[in-house]
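Below, chain A partners chain B and then partners chain C, in two separate complexes.
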Partner chain A sequence: MKARLFSYNFVNTYIHRLSGLTKLACFLFLTFAVMFSYDLRVIMVILVISTCLMVISRIRFSQIRTMVWYVAGFLLINAILTYFFAPEYGVSIYKTRHELVDLFGKYSLTSEQLFYQLTQVMKYASVIPLGMIFILTTNPSEFASSLSGVGVNYKISFAVSLTLRYFPDIQRAYTDISQAQQARGMEMSAKANPWKRFKSALLIIIPLIFSTLERIDLITNAMDLRGFGKRNKRTWYIRKTMNHEDWTALLFCAFLFFGTLAVSTYINHSRFYNPFI
Partner chain B sequence: MTETPIIEFTDFTFQYFCQAEPTLHDINLKIFPGEKILIIGPSGSGKSTIGHCLNGLIPFYYKGETRGSLKIKDQETASQDIFSLSKIVGTVLQDSDGQFVGLSVGEDIAFAMENDCVPGTVMHERVERVSRMVDMDHFLASSPYELSGGQKQRTALAGVMIDEVDILLFDEPLANLDPATGKTAIEIIDDIHRSSGKTVIIIEHRLEDVLHRPVDRIILINEGRILADMDPHAMVSSDLLRQNGIREPLYVTAMKYAGIPVTPDLLPGHLDTLDIQKVAPRLETWFKEVKPIPPKQYEDTSLDLHGVTFSYDGITNVLENIQVNIHKGEMLAVVGRNGAGKSTLAKLLCGFIHEDTGTITFEGTSLSKQSIKERAEVIGYVMQNPNQMISKAMIFDEVALGCRLRGVPEEEIRPRVEKVLKVCGLLPFMTWPISALSYGQKKRVTIASILVLDPRVIILDEPTAGQDFRHYTDIMQFLREINRSGVTILLVTHDMHLMLEYTPRAVVLSDGKMVADARAADVLTNMKVISQANLKETSLYHLAQKAGLQDATSFVQHFIDHEGKVRA
Partner chain C sequence: MKDLFKVTTRTIVAAGLGAAIFMLLFMYVKVPSWVPETQFQTAYGLSAFFGVLFGPIAAFLIAFIGHALSDFLQYGSPWWSWVIASGVASFVFGLAFKRTKVEEGSFGFKDILTFNLFQVLGNLVAWLVVAPVLDIVIYAEPANKVFTQGAVACGMNIISAGVIGTLLLVAYAATRTKKGSLSKGS
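Then we have the complex of A and B:
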């Protein structure tokens, strides 16, 4: 079968064995750490860790290839736009100005700006793998039961799990519809102008929505007929109890999170690490 | 019978709020505990509505007005909700894929218990026990993607049996199954009925397939009324089936062709019970009196596949060394079980994917350098689900879409669309919104939207899936007309009737290899090919064997030829 974006597959690794709740908590700890800190050294540590996690969880590059390209494209655009709108932002943060090249008009390239933008790119680069690991290694049902275990309404938990579960199906439907429409003459390549491509996208999305609604109708019936939503509570067939592996992971991530806070508070005295003074 | 019925309809009438007429009229029906009932009727007859009334989807999900009474276990259903009804009536829906709620077999079976707040340990123990009853105890951790159609059906069955319901309701259990799996499904239902003694209600229009195993009574419904309530022998002998758009079993048709008056005393309800001594002589005379018709000869080649091999991952070949020569003006079936490579073959021809080795040529020119769009000029592709193709609100716009995308001038589009709509019998609806059409009509719209591009070859994926006999005949007659106008047609299908009646030639795929390229009559009587492709042998073959005819395959071919003459 074709490798698809986002689909859960069980492989017996440390990461896969962790409960969904642990993974969510760890994901949040590390994400907040990276979002909070602008210290390139801290960010690099987390980047190394998330790369290691990816290797441990045996995610193959082919599984994430499409996603990686999207992210790379997004980062590039983001970097260009940041520079375009705020070319002196680095200077205002680090309070020094080391000009490297003078470009046109008010635009010139400074070490501060380069350093700031590098930090920014690394922030994304270290968080996004974590998100991918989370999605690719978490059993949707087990995640739903964990969510409801911490007090989230079970209907919402179940909706989350159904969404994760049907994602691969919808993707497959998207490919099928897109191919059939291309065979009718729809232009999807870069040759078409943006307006045309927008109209082409509609030609895929409308049938996709209708055929998805059809499925939703069916699954709703199937769930009603088996008593979903009858009570205010429900139990879960799949339920993982927390074991020492989970606690270890939680402690480790909590340590990184508080470590990051400590570095900012006691060493940098701000969210930024300033190598220029 | 002095027993009290478990289900009792009395002067029951139901009308959906969105409809002008009642869908069910004055239904009076008693079903007793432990009975096995088949409810048949064409699409739109009201048979599914009866099912919805029994399981509570009416009025819980579908709203409408009810008159008269419907009692289940002596309780008026009007006073109960869908949840309490679901403890009495367990429903297995037609799409075993779509109703798979859990991510694994065990989880799916446990779904109803989860909603009842049954504690985890009890759940695991009960799932274990029920899954043994349907032979799924070794698959509890499997995901739906790893299961065969039959295993999904078993899982669905276990999922409703876990509630210890009294009534099992099957809503078109065969609709999405290939012939072999359908046969197994009917066997599973029968085994469960025998071992559990539960009341079983099957709603279907595929009569012959259900009658693979005994049923107590058949209820025929059309236009919202019960037209007949009889045992299988009487039902099969009656003309009501044909009059109401239900296909009679093929062996019954064969007996009629042979001039045998089919009466209930022949016990024709099942092939096993049929009194073969009384009919064998007539069958033999009929078989001997006609000369075989030589198959039609074709000259020019349309599509030619030479040593085509394809793999998605570079490791396992999804198609291996496919060698087919398709003639101009031919209508042929591509058959095989799910995952055999049928859809992959269609995608290769359309250029959605590209062969690793081998060549595909169209009328002598190689297609390898041609893009999807270029190939689409000559090869049209119609998807199975029309809702996956329709992207416009109005019929005219939908059919015109392909032309507009190709930049055909508007004044030229109109006559082209009108001409195609006329061929497809859709001209009166030209200005209608598509949402007002039935499923079968939508299917026609999608075929029209491909035909308008004037392709030389059309590939249709399961064109008759989920269609009743009348719609099936409509669509196939329509395709035959298109075919006669010179268009080559490839049908990816499971439908054995379609092969027998419309496609003289069938190509059979199994695990990516071509295992047969022969006449339909040969394919459907060859045990090895049948099991490789998840088909089943046609009842005609069994009839011939039971009657002691030497050459059963020729008998099947004879039937096909005869039918061709009757229809022409």
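Then we have the complex of A and C:
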């Protein structure tokens, strides 16, 4: 339970200075570009750019170590699963078949499959630095105003900001209750078996849920009394004005996004880049 | 029926705080299964519970925001197809809103049946249709892989929403004052 929500602290770099709105829009542009494209060249370009951005924003490895392990594990398992379920998927996409090694049964290694899976791994890997940059360099309080800036209804943005505000509280409450129980002799460390740990976790969650219900009523009344939701628009306490740095970043990311679409439409004529024909 | 989709301040607050608990459960209170990448997630029991109390819009937001933010924290970037599927599943759970007597302090056999009907329906739609289809459309994943993952997730989420959701609702009903519980003293 050590993970803090956003380990945000301000460092005076280009990325940190950008407004939250710019960062959110850029994040969406770049991730949607990678999500759409199955062209290894485009993906590598974005991977290199996002790695550079990470260096520029001076993110230390210690800040992202856990995430990197999670993601590496995920990518590895996903690659194995993909091969296990569809060893000939690359062949059906690229319409050619170059067999490298014949393994057992229906499993053989083709260059098409290797290329497809390499693209897949790179595709998923390249969005990760973007997300990490976004999380680690954006002030959480600015997040809600950024969301409403990209066109999300302000009530929904407000729900998100309530989540961000309430999550550390509930995390702390969970840790407190769990430590109090452990002081009374309830084993919740790695020594207890997983099923027991799971059951004790559930027992902690139930009072948390019911106390949250009371808190919902309390906050609802407070917000209603202050006239929340009476108008169609609202202003935000934390919102940076856009300057030329923001516009440069936005233009650059929009260019990459539309560039990716153009490469797929005019050069590859599909989402896939086919080096085999 | 219009009330079902009405967005009040209460809906928004319930969505915000509910999503925070959803995140906590999603990240810490889960059991890994024998199929990689799928886990027994207690969070869907919570979204089903909040769905019955606060309606489909709140439930959708709880699962969507909660799932997206916890993906952000764990993986750096949300896996959109499953985030959307989470939202859809919880939206359908929420359609049971105002169809049970839980606010009047009784959650009997008939209510349990209604709740579970919506819960199973929501899970089927989300994990057998929405999640795999979006996986194929957005991420071009192989079909048999994503449908297998979807089926496993579907089974486990039905159990999670069914068992944990029902238990929470029964416990909640016990805290409400029963309708007509006041009688003239003799």
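We take it that the second predicted complex is superposed on the first by the 183 of 277 C-alpha atoms of A that agree within 3 Å, B and C clash if a C-alpha of one lies under 4 Å from a C-alpha of the other, contacts with A are read in each partner's own complex, and residues count from 1 in each chain.
The rule is short, and it goes like this: a contact is a pair of C-beta atoms (placed from the backbone, for glycine too) under 8 Å apart; a residue touches a chain by one contact, two chains touch by 3 or more.
Because the structure is predicted, anything quoted here is derived from the model rather than measured.
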Looking at the overlay, what does A:259 touch: chain B (first), chain C (second), both, or neither?
neither
Report for A:176: first if it touches chain B alone, second if chain C alone, otherwise both or neither.
first
Going by the touch definition up top, name the partner, chain B or chain C, that contacts more of chain A.
C
Should A:185 be classified as contacting the first partner (chain B), the second (chain C), both, or neither?
first
Is A:203 touching the first partner chain B, the second partner chain C, both, or neither of them?
first
Mind working out whether A:219 is in touch with chain B, chain C, both or neither, as first, second, both or neither?
both
State whether A:231 touches chain B only (first), chain C only (second), both chains, or neither.
first
Intersected contact list for chain A, partners chain B and chain C 1, 3, 161, 165, 202, 206, 208, 210, 215, 219-220, 223-224, 228-229
Given the complex with chain A, which residues does chain B contribute to the contact?
55-57, 60-61, 82-83, 86, 91, 93, 95, 98-99, 101-104, 106-107, 110-120, 123-124, 127, 159-160, 163, 312-313, 347, 350-352, 372-373, 375-376, 379-381, 383, 385, 387-392, 401-402, 405-406, 449-450, 453
Complex contacts: residues of chain C adjacent to chain A
7-10, 12-21, 23-25, 27-29, 31, 36-37, 42, 46, 49, 53, 61, 65-66, 69, 72-78, 80, 138-145, 148-149, 164, 168, 171-172, 175
Using the touch definition from the top, list the residues of chain A that touch chain B in their complex.
1-3, 139-141, 161, 165, 173, 176-177, 179-187, 202-204, 206-208, 210-211, 214-215, 218-231, 233-239
Which chain A residues qualify as touching chain C in the complex?
1, 3, 5, 31, 35, 38, 64, 67, 70-71, 74, 77-78, 80-82, 84-86, 89, 93, 123, 127-132, 135, 155-156, 158-167, 169-171, 174, 194, 198, 201-202, 205-206, 208-210, 212-213, 215-217, 219-220, 223-224, 228-229, 271-272
